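Following this line, the structures themselves.
What follows is chain A paired twice: with chain B in the first complex and chain C in the second.
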Partner chain A sequence: MRDTTKTKILKDAFIAATVTAILTVPLIGMRLKVESTGLTLHKDFMWPVIAVLVVFVARLVLPFLLIPKVSIPAAWSRKAADHRKWWLGAFVVLALVWPFTPLGSSTMLTAMTMAMIYVLLALGLNIVVGYAGLLDLGHAAFYAIGAYTYALLNVHFGFGFWEALLFAGLSAALFGILLGFPVLRLRGDYLAIVTLGFGEIVRITLNNWDSLTHGPDGINNISKPTLLGYEITRRARTEDGTTLWQALGIDYNNIYQQLVLYFIAFLLVVIAAFLINRLVKMPIGRAWEALREDEIACRSLALNPTMIKLTAFSLGSMFAGFAGAFYAAFLGSVTPASFGFIESAIILSIVVLGGMGSQRGVVLAALVLTLLPEFARGFAEYRMLIFGAVMVLMMIWRPQGLWPASRRRVELPS
Partner chain B sequence: MSGNVAETAEKNVTDKQAKPVLSIRQLQMRFGGLVAVDNITFDVIEKEIYAIIGPNGAGKTTVFNCISGFYKPTSGGIMFGGADIAGRASHEIARCGIVRTFQNIRLFRNMTVVENLLVAQHAQLKTGLLHGLLNTRAYRKSEREALERAAFWLDRVRLREVANREAGNLSYGQQRRLEIARCMITQPKLLMLDEPAAGLNPQETVELDQLIRDLRDTCNVSVLLIEHDMSLVMEISDRILVMEYGQPIAEGTPEQVRHDPNVIRAYLGGE
Partner chain C sequence: MDTLFPLLLQQLINGLSLGAIYALIAIGYTMVYGIIGMINFAHGEIYMIGAYVGLITITAIGTAMGYPPWFLVVAALGIAIMVTCAYGWTVERFAYRSLRGSPRLVPLISAIGMSIFLQNYIVILQTSRDLSVPELITGHLFSIDVGGFEVSMSNSRALILLVTIALMAAVTLFIGHARMGRACRACSQDIRMAGLLGIDVNKVISFTFILGAFLAAVGGVLIGLSINKINPFIGFLAGIKAFTAAVLGGIGSVPGAMLGGALLGLVETFASAFLPTEYKDLVAFGLLIVILLIRPSGLLGRPEVEKV
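Showing the complex of A and B:
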């Protein structure tokens, strides 16, 4: 028995090494160079040999690394569950305090505000993918709908951020219902493809509907959010408007504005996390979970699967709409290019990386995935490559995510 | 033959002077060229325990799937509560008051026992999303009552001690009882049990027998039962329908069925 396992591992390692050799020899080992004499073929087999050796050794060692995969994470998760209150408090305090430390530079504030937008998006998608178990590859569509709703309401009708926020969420939810009603009967893969298509339809529509959306140029001069009715720009947009700075009697500084925007983003995240946390504990949350486990049993108990999925889908879309509205206000402009498939993919990666159905995991993963590229600018070209590699490794080692949820149970007191 | 069956059914109905809860008329289910179920006609009357038996592949579960809406019958009528429910969506049928268990138990295995019972009450809960989000008094009351009903049913099927365990970790017999409790908490008019005794030991089977009678007597529910355990069927059924190759071959009281030559042939073989 043991011998056959060993032979199998050795055989796997050989196959992997051969495949690597086939791939690397022509791709890395040989190179065409333009020289004065014309094209010459340079051969340098050092790197392919190293690659083959690395793959061979890794393939040999991998099975042994995979064996203890259960014990360590399990112990860690249990420990995490015990300190739930502790980490929540720490997170809030850290989020509020860091801008006032030397870390609080303009670059960091912008990066963190973008990170908060992704947290919001991922919290929304987590309802759909994590709790209800529906694979949605078009989350960016609802993000775009929220952003354009605010942009259009603001530019054409002069809506402020906070009024429009509501409409942005509602219109994203409405589109979620319109899309969801016919397609939520579909199962996993089909649903994924339909949502993928919907994401592209929305982006292409925004790109081509020149009269409404100004096409690829997008919409500019969108108002920043106000704070308690005061504007946070350098000068008030209207004659009788007052800026926050005038009210406080301080001189305008760009970084103050960024600070306020960051705190608004953080506030939105806190509200979203609180609401979603309640939803999950409510009957509808239980129904999502039950539906993910066994749809047939749900139907036999009079639960209407379409309606339950629809609530998950529209609520998830609504939070994407909120994120979109804030994004439009934050940047002051929206273009269709910001809402491509890659955005949906990143949001989905965040949810998977953090742990499906785990709010804290999703928050952590959103911060990691949006802040890492900021710190590792040098690797910017390889960002997607690293993303991919991380996803593969996660699926092998921690399919439950970075920080999986300890399921909140309803306890029957004895 | 089929005329005989219908006569017996009518006789029983008139004997008991009770109106049928469920009436199946000429039910047929075809999958492409294969006729899985044909010519099925029977009534289940109030507070009756009605069993469907037959060899493997006779089409018993197909009949169940037609009644509970998981299949759309090719033809025939399924009358329940004064309406023809044939072809309606399964969750609508469940809402009308027909609930079922499954041959291979379908619990929400990663949820706790009590959560399984809370999910089952979903269709009855009246409070909306906003109540829950705002944690209103009405919402808290509704949740408390749901939990109380769950506790009541857990006591009833003797699962109170394991209430907070994951359903997937229960023993087989406990899982069967939980599945029945999960059905009963929806306050059904008709309870359909698909091989409830499968995998139970003799002791557990006796308890199941008690439980089913008890539910029938106290909860005003009719029971439609598929079962292979003959001692259980003969013991608790008021009437039995015997199926073979998708067709009804006999119907009647346990005593009548036991001596029916068609049934003996189907079960023991021979000319």
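Showing the complex of A and C:
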């Protein structure tokens, strides 16, 4: 009896090592390079040999080890986080104070402003994926629609940022409704593919509709946002405009402008987080979560699944539209290349990593995933590889995310 | 009128060979969906890996060594199939198996993660540049003059059609008659019941992934030999289009995937004959949305009833 298990382990280890060899020898061991002489193949079998040996030994040893079920511990103790919302206050104070410490350099401000845009995008996607349980793979499409709405309104009609912000959100929401209405009646995983297709449709259209979007070159010279009616650029765009710096009586400095942009981004994030937080507590928010858990039960309680999904989908798209408008204003230019599937995938992995349906988790994950490339050099090359691996590993080990939301519950007094 | 007919004839030939590739990939989607009800998002990347392994094999053997081209093609196909099947199996074993029985969103996200991972894995290992595949299959099967307009079919396109038709026949026979094929059909009807009746469900699911990878690898190698250019991003677009083909034919149905692939290929080439080429990809996505609107169960699919 013992003997047969021993041969079985040996056989398993042998098979695993063979599969590893097949997997690694051609793709890791042989690399194609384009050289002046044409296509050449560089062979280096060090890594495949290491991989095969590691897998073989691991398969031999593993059955004799008692492996505890792996689980990544939650980032913080759940009880403390739930009752006292210390993290909320700490986050706001930190976000307001750090630019005035020595950390507040120009590069850090730019990075943090981009991080805030991702927080906003992820908060929007969290409504769709986290609360309503609809997999949206085309979030970047609504981001693009928001960005181009502001860009076009600004360049052609002279709209300011704050007026156009409203239209950017509305047009993204409108596209969300137009796309969602036919598709949301279908099974959930069709939505994933259709949104993915929609994302590509939007990108390809922006890339090719030269007369409107200037194709791959994109739209340039988009105005920066104003603050309380004052412009934040070096010189006012119009004759009678005043810049904030003239009003305050200080000399223009590039870093002041970045500071103002960062605070506007932060303000948008706070407003969005607050609104979404209230929405989730309203009947509609409860309906999203109920629908995510059991659609048939919802339908038998006379909730209209299509309408409920549609509100979640269009609201999520609206926040992406806001993020897009700010992105266009922040960079001053938009190109279709910034809104590919990769963007949608990054936003989705933020939501997954933070914990679907957990706002605090999503904020944390957005900051970590967007700031990590700034700190870790050489990380950029492996960024998408790691994102992909993180999505798989999180689903296997910790599908609820790093900092999951606590479930609301009411207990009957016994 | 004079040039329209030969143009249509030429597009028919191009469309069918393109559709054959979609059909090969679509079978992988449709069988996995039929049995475990998930969209194997990483399937397009499996096809891309097939194309890369094919090119690596051809480069490793070398075109200058004096081997005949057919030998290189056969070697590329054989090795690509072996490696790609191993990838298909490994992906299922690691990224999906432990997630069986969890909410639908969970394996789907894992699949998307796997797709992103595999795409960037190839980008890092084999660079993201376009690599040119040597033209091993040259010449034309026929080239006829129709009203002053040349209609031709290259040998590489003919090979695609021939291999695809042969594989389709083999797959149909296998699923209809072989023991494993019967097990697949049983699992797609009711996986729990099949398990209770003594079918090794894990083995069937692994087999489905391996068969899907097999067909995708053939598609990948053949497309590389036909259009002579590959990059790590071909899998993404081909994957979505093949999925569209599977939905068009009725997801879960193997003949549906074949029909859907052929139809999609034809629609796309005919559309690109009359529309600016940049909008070619829009046709597939637009078609997907339209089918889901009008007939979500596809041409040959059964409408799905959700059970409590």
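Here, the second predicted complex is superposed on the first by the 334 of 414 C-alpha atoms of A that agree within 3 Å, B and C clash if a C-alpha of one lies under 4 Å from a C-alpha of the other, contacts with A are read in each partner's own complex, and residues count from 1 in each chain.
Heads up, the rule we're going with is that a contact is a pair of C-beta atoms (placed from the backbone, for glycine too) under 8 Å apart; a residue touches a chain by one contact, two chains touch by 3 or more.
The structure displayed is predicted, hence computed values, not measured ones.
Engineer: Are chain B and chain C a fit on chain A, or do they clash, once the structures share the same frame?
Structural biologist: Fit.
Engineer: Thinking of the overlay built on chain A, is A:I15 touched by chain B (first), by chain C (second), by both, or by neither?
Structural biologist: neither
Engineer: First (chain B), second (chain C), both or neither: which does A:L178 touch?
Structural biologist: A:L178 contacts neither chain B nor chain C.
Engineer: Is A:V61 in contact with chain B, with chain C, with both, or with neither (first, second, both, neither)?
Structural biologist: Neither: A:V61 stays clear of chain B and chain C.
Engineer: What is the angle, as a multiple of 10 degrees, that the CA centres of chain B and chain C span when seen from the CA centre of chain A?
Structural biologist: So the C-alpha centres give an angle of 80 degrees.
Engineer: Which partner does A:I296 contact after superposing on A: first (chain B), second (chain C), both, neither?
Structural biologist: Touch partners of A:I296: chain B and chain C.
Engineer: Going by the contact rule set out at the top, does A:L248 touch chain B (first), chain C (second), both, or neither?
Structural biologist: After superposition on chain A, A:L248 lies in contact with neither partner.
Engineer: As a test of reading the superposition: which chain, chain B or chain C, is in touch with more residues of chain A?
Structural biologist: Answer, by number of touched residues of chain A: C.
Engineer: Return first, second, both or neither, reflecting whether A:P305 touches chain B, chain C, both chains, or no partner chain.
Structural biologist: first
Engineer: How far apart, in Å, are the nearest Cα atoms of chain B and chain C after the overlay?
Structural biologist: In this superposition, no C-alpha atom of chain B lies closer than 7 Å to one of chain C.
Engineer: Which residues form the common part of the chain A surface touched by chain B and by chain C?
Structural biologist: 296
Engineer: Spell out the part of chain C that touches chain A in their complex, as residue ranges.
Structural biologist: 38-39, 49, 52-53, 55-57, 59-60, 79, 82-83, 86-87, 89-90, 94-95, 98-99, 102-110, 112-127, 129, 131-132, 134, 236, 240, 243-244, 247, 276, 278-279, 281-282, 284-286, 288-289, 292-293, 296, 304, 306, 308
Engineer: Touching residues of chain A toward chain C in the complex: what are they?
Structural biologist: 19, 22-23, 26-28, 30-34, 39-41, 129, 133, 135, 137, 179, 182-183, 186-190, 192-194, 196-198, 200-201, 204-205, 207-208, 295-296, 341, 345, 348-349, 352, 356, 381-382, 384-385, 387-392, 394-396, 399
Engineer: Could you list, by residue number, the parts of chain B that touch chain A in their complex?
Structural biologist: Contact set of chain B toward chain A: 68-70, 89-92, 94-95, 99-100, 102, 106-112, 114-115, 118-123, 125, 127, 129, 132-133, 135, 139, 143, 146-147, 150-151, 154, 160, 163-164, 182-183, 186.
Engineer: Could you pull out which chain A residues touch chain B in their complex?
Structural biologist: Residues of chain A touching chain B: 275, 278-279, 282-284, 286-287, 289-290, 293-294, 296-305, 311, 407, 409-412, 414.
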